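In what comes next, subunit A is part of two complexes: it sits with subunit B in the first one and with subunit C in the second one.
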Partner chain A sequence: MAVKEEDSHTQCSEAGEYEEEEEEEENDTQNGEQNEKRHHPLDDRHALQFLDSLDDYLIQMDSLSSILRQGWLELASARHSMGASRVNGALLDLKFHNASTSLRVTQDDDDSGVGKAHFTLSKWASSGNGENGSGEGKLREDKSPQLRHRSISPLSETPEKTSSQIGASLIVDEQVQKERLKSLSVFGTLVSPKLRTAQLSFETALGKLVEIANTRSTLLSAFDQVKEEIEGTKD
Partner chain B sequence: MYGFEALTFNIHGGYLEAIVRGHRAGLLTAADYNNLCQCESLDDIKMHLSATEYGPYLQNEPSPLHATTIVEKCTLKLVDEYKHMLCQATEPLSTFLEYITYGYMIDNVVLIVTGTLHERDVQELLEKCHPLGMFDSIATLAVAQNMRELYRLVLVDTPLAPYFSECITSEDLDDMNIEIMRNTLYKAYLEDFYKFCQKLGGATAEIMSDLLAFEADRRAVNITINSIGTELTRDDRRKLYSSFGLLYPYGHEELAVCEDIDQVRSVMEQYPPYQAIFSKLSYGESQMLDKAFYEEEVKRLCLAFEQQFHFGVFFAYMRLREQEIRNLMWISECVAQNQKSRVHDSVVFIF
Partner chain C sequence: MAGKAQIPTRNSALIAMIADEDTVTGFLLAGVGNVDLRRKTNYLIVDSKTTVKAIEDAFKEFTSKEDIAIVMISQYVANMIRFLVDSYNKPIPAILEIPSKDHPYDPAHDSVLSRVKYLFSAESVASGRR
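Coming up: the complex of A and B.
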């Protein structure tokens, strides 16, 4: 009887051990599933970022293509209107002059600490505003101290700040317009509105190119991260 | 009033009038333009043009063609026809034909001076000059630093010399001075041509007065629109308008103070011939204004052929050929850029 009791006790203990093992396995499985669930958001985030960047890149490339097509046709239209002797490559200025538009490349770190290139375009930066960068940059510098004072200053000062902001933006617009006319002056001072429209199209295309460069940088950074994760998962 | 041109015109001008009327018959028709507008490539355009009078000028051009090549070769045809007429002409028709080329001369002078200011090679600039505006000492223009030197060294021996009296200064040449010089010269040239035609009298005076007045009015509108938003003052703008035409003097006074296209429109709509032109445009739009003016000009030029025994047919023919070359340039650009949907934006049918 004692033996049988011992056997039954052994069987019970074995069964209990077996049940414990099963419970441990279930716990391990559940932990594993939880661990997997904990990793998914990160994988999805980088993969989604990559796909989003890719989508942006393709849309921007398509947009650039249509802007350039429009610009070239407007240039042809200007040549048709003003005559080939007034709009041709032989009139472009070969004298030394400062660049009216410049590109700055910086290295930014994203959330995961991976460095990526960032491109910034400074349009229509005149020689007088060289230290401040573009006229648009100057506008940004003028805005920020006013924003800081806004919460402190009384209500009566707000309209003055607003009008000064508007005045600053008008000054910048005039400067930009002057720079635009100055760059077109190689074709003459009195040019057709079609040539100015063509200039705007190519200016937009230049901005679009910089956006594409930034999107491509983000795309490549996201791709590297996704690749690292895939390689980490395989290991 | 007309003189008795019918009695004496054919003695000296009959042959050339017949020649120019024959050339007029060779202008491209609407059917030709429809075929050209459907071309898929510049080689197709060359193939279609080979069946026209432009054939011999394009047949030896190798592929791949460029739009500027087509325009150059078509211009060569115009130049050959002009030179043939000039060498056959007697006075006063020869002077009349020479007057037609002074506009090209002014454009070439400005091209050389502007290009030199931008430190371009003179040979490169000479290649871009219009062949009808060439003269012997044109390459010497690159030496001049200001308008006084320009006149003294080069232009004093050219037909443009009398037009320089209003714009001679010792200021160094810059973009604004050159633009004012261009428009001042062209104003003086138009006024001189107008007086010459008035002196000829008869049908030539009547028809050419109408055509030149339209040219002066169109230039006034273009100067106004192109100077909106620039540093050109109202007084300087007014000085660039010609002293004749339908808009002279009251229209010019109103145009001089216009600040946008809608104000220009409100001024021009007071004149019935231009009301029809501006009625084709929507408010604030100026893109189709060129085409509207070209269409009106073509209509007036074609009417010049309805009458005989006058010199206006030569002027009208040259201008119609220019329009044809502009059409071919636009069609070529649209085909080359794969933008055939826009080809009818600027093509003006002549017949």
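Coming up: the complex of A and C.
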């Protein structure tokens, strides 16, 4: 019985090997066909990038919707506690003033040499007091890549550098608080705390909006590349 | 289209808005508001009295200004001038359709998504790939 079982096992294993060989041959022929079909090795990468950015765009839009909903709710609460006459569009500042929050636009070159717009938010950077404000804004902007770098290698940081950065961040925070208060002062000196939270929600929404703009840029750039490739294969 | 055009670098570009009162007020609290020497604002508050012509003019103005990098427009307002929004295809300023209080975001109406929808039609993919 044991001998018979061994025989049947060896037969099975032989049959399995044959099947594996056949599968390998089939795979080889399929791969060969696929390689022939594929004119550009980057085809799939662009298509994947396009689908990924499309997915990202929709997710971010969903996220923006919920942030904005929160902001509207807080604004409505502020209006409820302060009165409709104190929180409305008629009170908006129509005197000459520059935007405190602005964008930096740069051209972001892709690996394939295709340029796309890249937006960077510069929060509370340029106030009415000119150069000082914009300088601090730059400081805030320059800090972010360093922070990202620091998170990768935390041990390489010296204590002096850290303290100077903390000092700089305090100055920036002070400036930001000043600008926030200035923006809120349109609705009076004593405003509802809900208005402050609404302000923070809309700031978050603004950050999300810039992310969406960048994703949109990537999406359209990837779309153009995929479209070009499709048109190329048609010809 | 979007990728081929040369994009000039700008250090302090503005964000323009065409939206309902609460959305504009909220973003103005976030410091987006700008009023120039001619007292022209970078936003338009749309209410029941605002005409389509006024929205069209604001859209044309914001998309032609060099110091504006993003134009955010409530989707229900964009639907009023859909022909203009869909025909716009420059990379800068970027048009972003945002939801509003009474009208949730609908991806089916988004100009960006309707532009890229072309790739999802079975006919174009099949004729391109096979």
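By definition in this document, the second predicted complex is superposed on the first by the 163 of 235 C-alpha atoms of A that agree within 3 Å, B and C clash if a C-alpha of one lies under 4 Å from a C-alpha of the other, contacts with A are read in each partner's own complex, and residues count from 1 in each chain.
In this text, contacts are C-beta pairs under 8 Å (C-beta built on N, C-alpha and C of every residue); 3 or more make two chains touch, one makes a residue touch a chain.
Note that this is a predicted model, so its numbers are computed, not measured.
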item: Fit-or-clash call for subunit B and subunit C when the two complexes are aligned on subunit A; value: fit
item: Which superposed partner A:72 touches (first subunit B, second subunit C, both, neither); value: both
item: Dominant toucher of subunit A (residue count), subunit B or subunit C; value: C
item: Which superposed partner A:80 touches (first subunit B, second subunit C, both, neither); value: first
item: Touched partner set for A:92, first subunit B, second subunit C, both or neither; value: both
item: Partner chain in contact with A:194 - subunit B first, subunit C second, else both or neither; value: first
item: Contacts of A:183 with subunit B and subunit C, given as first, second, both or neither; value: second
item: Shortest CA-CA distance between subunit B and subunit C [superposed frame, angstrom]; value: 5
item: Subunit A positions touched by subunit B in one structure and by subunit C in the second; value: 72, 76, 88, 92-95, 186
item: Touching residues (chain side subunit B, partner subunit A) in the complex; value: 68, 71, 107-108, 111, 114-115, 118-120, 124-125, 127-130, 175-176, 178-179, 182-183, 222-223, 225-227, 229-232, 286-287, 290, 326, 329-330, 333-334, 337, 339, 342, 345-346
item: Subunit A partner contacts - residues on subunit C that touch it in the complex; value: 1-15, 21-37, 39, 41-42, 45, 69-70, 72, 91-92, 94, 96, 98-99, 101, 104-105, 107, 110, 112-113, 115-116, 118-119, 124-125, 127-129
item: Subunit A - residues contacting subunit C, complex; value: 37, 50, 54, 57-58, 61-62, 64-65, 68, 71-72, 75-76, 87-89, 92-107, 110, 114-117, 119, 122-126, 134, 179-180, 183-184, 186, 195, 198-199, 201-203, 205-206, 209-210, 212-213, 216-217, 219-221, 223-227, 229-231, 233-234
item: For the subunit A and subunit B complex, residues of the former touching the latter; value: 69, 72-73, 76-77, 79-81, 83-86, 88, 90-95, 177, 181, 185-186, 188-194
